[in-house]
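Common to both upcoming complexes is chain A, partnered first by chain B, then by chain C.
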Partner chain A sequence: MTNYDKLRELIQDILLLEPGEYSLGLGRGDVPTWDSLAVVSIAVGLDETFGQHPSPDEATGLKSVADIVAFLESRGLSFSD
Partner chain B sequence: MGMLTLTDVELSQDIGCLDRAWAADATFALVPARSSVPREWVMDALRRLPEPWRQGHFALLTSGSTGQPKLIVGLRQRAEALARLLDQVQSGAAAAATVVALPLTYCYAFVNQWLWSRVLGRRLILTQGFGEPESLRVVLAQARDTMLCLVGAQVPLLRRGMPDAVFPGVVRLHFAGGAFPQEHLDFLSDRFPNALIFNNYGCAEAMPRLTLRGAAASEQGANIGWPLPGIALTAGADGRLLFRSPFAAVGVVDAAGIHAFSPDEWVESGDLAVPTADGSWVLSGRSNEVFKRYGEKVSLAQLIGSVRLVWVGEAAFYRETDRQGEQGAVLVLAPSPSADELRRVLSALRAEYPRPHWPLRIEGADVLPRLPSGKIDNLRLAALERRAIVWKQRI
Partner chain C sequence: MTEADSRTAAARRPLCWSPRELADADLGAVVVVGSPPRAPRIAGSLRCPWVADLNQLPQDLDTLVVVGGGRRIDQAKWWRVQHRPGLRLVAIATIWGSGAENSPIAVLDHDGVKEIHLGEQYLPDVRCTFPEFAQEIPLSLARSGCGDVWTHALEGFLSPLADRPLREELAALIGDLLGLPIGRDPRWFEYSALACAAQARSSVGLVHGIAHQLEAPLRANQADGNWGHAALCSLFIYPVMCFNRQGSDRFATLAAAFGLDADGLLAHLSTLFDPVGYDRALPELRRHWAETLRDPSTRLNSVLVRPGALDYFDRRVFA
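Take a look at the complex of A and B:
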């Protein structure tokens, strides 16, 4: 499973996305389930899935899937596949 | 005959012992055979009864929702009067017999079925219930003009164990013991095509019935209908449902001692409920199953109601605290859901509730543990050995 697949599963699982809702462009205002508790859940999920735990400030700054990909790439993970 | 205890196993072997106990003066107690409460506790409670309660009464042992043993003491004359009243208010479908698929130590089956058959001279047909589903199926298939009493938690067993069976001889079908299985109403109407279907509500302290509604009178499973004649309901502090009933128990014996209900006392039903404009009442949960989570008021009864709209198997919650120290609950489904079934459950949660209401986890299990009454044993859920996490929150 690629990092992209792992991230998609994680975000779908946390935000309870319906099929077709997930995309790199998905952002905080696009689905009601991306609430403040989801921000915490995503931070915990990134740690569990990728071993990368964003700081509180970093977590607050993750406002889209693209932001999360950029954060993980900044920690050395590849999303090129 | 001195004070004695009778278990559902003893009753299934010789139902005559219950007739003899009822005809005798001495107060006796009905005790679930699988109860973890020592028989000595029950005998001690009987010995402690006040003198007026030692004759002409009967007692039922309960411990289901709290795990703490409690002996509910009823007056036989009141119970007989309630059995007659029940027959009058449900007389639209005259039943000549009743098939017993619940333990007779369960207050609902005891009054609705055994006592009803004794007082009105109707036939009592004993079975081992869903413990022997094929025997139950045969009895129901041969039944004529028969009343059947079930609890909602038995419907998934009915769907699984007898998926194609039709029982035209059942003319009255009653449900009690929690929210009415409204989501299964079409299935029940198909399988019991000639039955009037009722939602009954009550509690052991009510000995046992408080309200009645026809199944089609509401689309809400949590709607318990209207109080029976002579019974009054009111909402107390925090929405606690209280009742006054001329048929109620005379008192209880528990670890705190003996409590006699006074005639003007509002007695706790153990549930939360709100009245509606048409005079019916809607349950919002057990008093101990509503809690605050991240500032949101969470009702496990409402959540279960939503889950059951999209899930035909068994479902129950147990309570747990999350890693932030907030109260929460774990949803257990049986049998374990497929990926599509899980998605439907999660979609329903997302559509109806904000995140604080969602369960901490969803677990799949082969079967859920049950109380002797047939209801799900929520206290034993957390200790189930064969269960697997199928979804979890990360907070």
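Take a look at the complex of A and C:
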């Protein structure tokens, strides 16, 4: 499974998305489940799935799937495949 | 309420009085509210009136002494804020578990729908423990209360919102709990108050998410069972902590970092597990899994709870 697939599954599970709702452009205002609790869940999920735990400030700054990809790439993970 | 407000509320604490200090205090015009036999007994010792219901209170009042479990104490906390903000409130718990007497949270139950209020205005001014109440608690309720205390301590400790000082505090408390037998022991009153107050500074987790979502349907569909909040916490703490342990290394890492034995903890919690009760509750967990996933407590669990996690509980992987 690619990092992209892992991230898609993670975000779908945390935000309880319907099929087709997920995209790289998905952001905080797009689904009601992306609230302050989801920020915590995403931080926990990134740690469990990728071994990368954002600091509280970093977690708050993750406002879209693209932001999360950029954060993980900054930690050395590849999303090019 | 902001997070800062919440932390301020959690940092303040009610005074802790002994029964002697309560009897000697100048309480002014005082009334005791609560159910028999304990509330009228305390009213007798304070030589003051007793009422069964908050709506029966007189207007001219300086101190309200509420005697009861978490639901009764939370009602009084909320009632004071709404109707008599200047009133002194003394909370006397008749059972451990909720820690309502030491918490800035007031949970109201509207036919199974929980309404949660948080703020320092909900803190009682004084909490008072009557150790002799411990022997009057039915054993099954006492055990459930122990499970509730354990749940507050462990979920607060493991919470992603807990900081290091809080974890140090809760690890010490958990160490003490390991030496405390499950059952009737008056020391549970104090640990209940401490665990609840500490947990209010972080969060609870999946055990509470399940309890919140299953309590009303279980009460409605299995009226012959004891399906209170504490009973559900007691029933699910062992399965959920096993789930947390296998779900990531967070449980083991935190336990080790704070001097706790993860295996010993789980072995201790297994004594709370009731397989018969679990079998009865499981169909409702399946039915209400979607709501459980959305519960705010579940979403702050130490390990991410994904939709497929139901399978872990369904197949009793922990057993």
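Rule of thumb we're sticking to: the second predicted complex is superposed on the first by the 81 of 81 C-alpha atoms of A that agree within 3 Å, B and C clash if a C-alpha of one lies under 4 Å from a C-alpha of the other, contacts with A are read in each partner's own complex, and residues count from 1 in each chain.
Definition applied: a residue touches a chain if its C-beta (ideal position, glycine included) is under 8 Å from a C-beta of that chain, and two chains touch if they have at least 3 such contacts.
The model shown is predicted, which means the values in this text are computed figures rather than measured ones.
Q: Do chain B and chain C fit side by side on chain A in the superposed arrangement, or is it a clash?
A: On the shared chain A, the partners clash.
Q: Between chain B and chain C, whom does A:Leu7 touch in the aligned arrangement: first, second, both, or neither?
A: neither
Q: Going by the contact rule set out at the top, does A:Ile68 touch chain B (first), chain C (second), both, or neither?
A: A:Ile68 contacts neither chain B nor chain C.
Q: Looking at A:Glu18, would you say it contacts chain B, chain C, both, or neither? Reply first, second, both or neither.
A: first
Q: Once the shared chain is lined up, is A:Gly45 touching chain B (first), chain C (second), both, or neither of them?
A: Both partners, chain B and chain C.
Q: Both chain B and chain C touch chain A; at which residues?
A: Residues common to the chain A contacts of chain C and of chain B are 13-14, 16, 33, 37-38, 40-41, 44-45, 48, listed in rising order.
Q: Can you check the complex and tell me which residues of chain A touch chain C?
A: It is residues 10, 13-14, 16, 33, 37-38, 40-41, 43-45, 47-48 of chain A that touch chain C.
Q: Using the touch rule from the top, collect the residues of chain B that touch chain A in their complex.
A: Contacts found on chain B: 294, 346-347, 349-350, 354-356, 358, 391, 393-395.
Q: Note which residues of chain C are touching chain A in the complex, please.
A: Touching chain A from chain C are residues 160-161, 247-248, 250, 293-294, 296, 299-300, 302-304, 306-308.
Q: Once bound in the complex, which stretches of chain A touch chain B?
A: Listed in rising order, the residues of chain A that touch chain B are 13-14, 16, 18, 32-33, 35, 37-38, 40-42, 44-45, 48.
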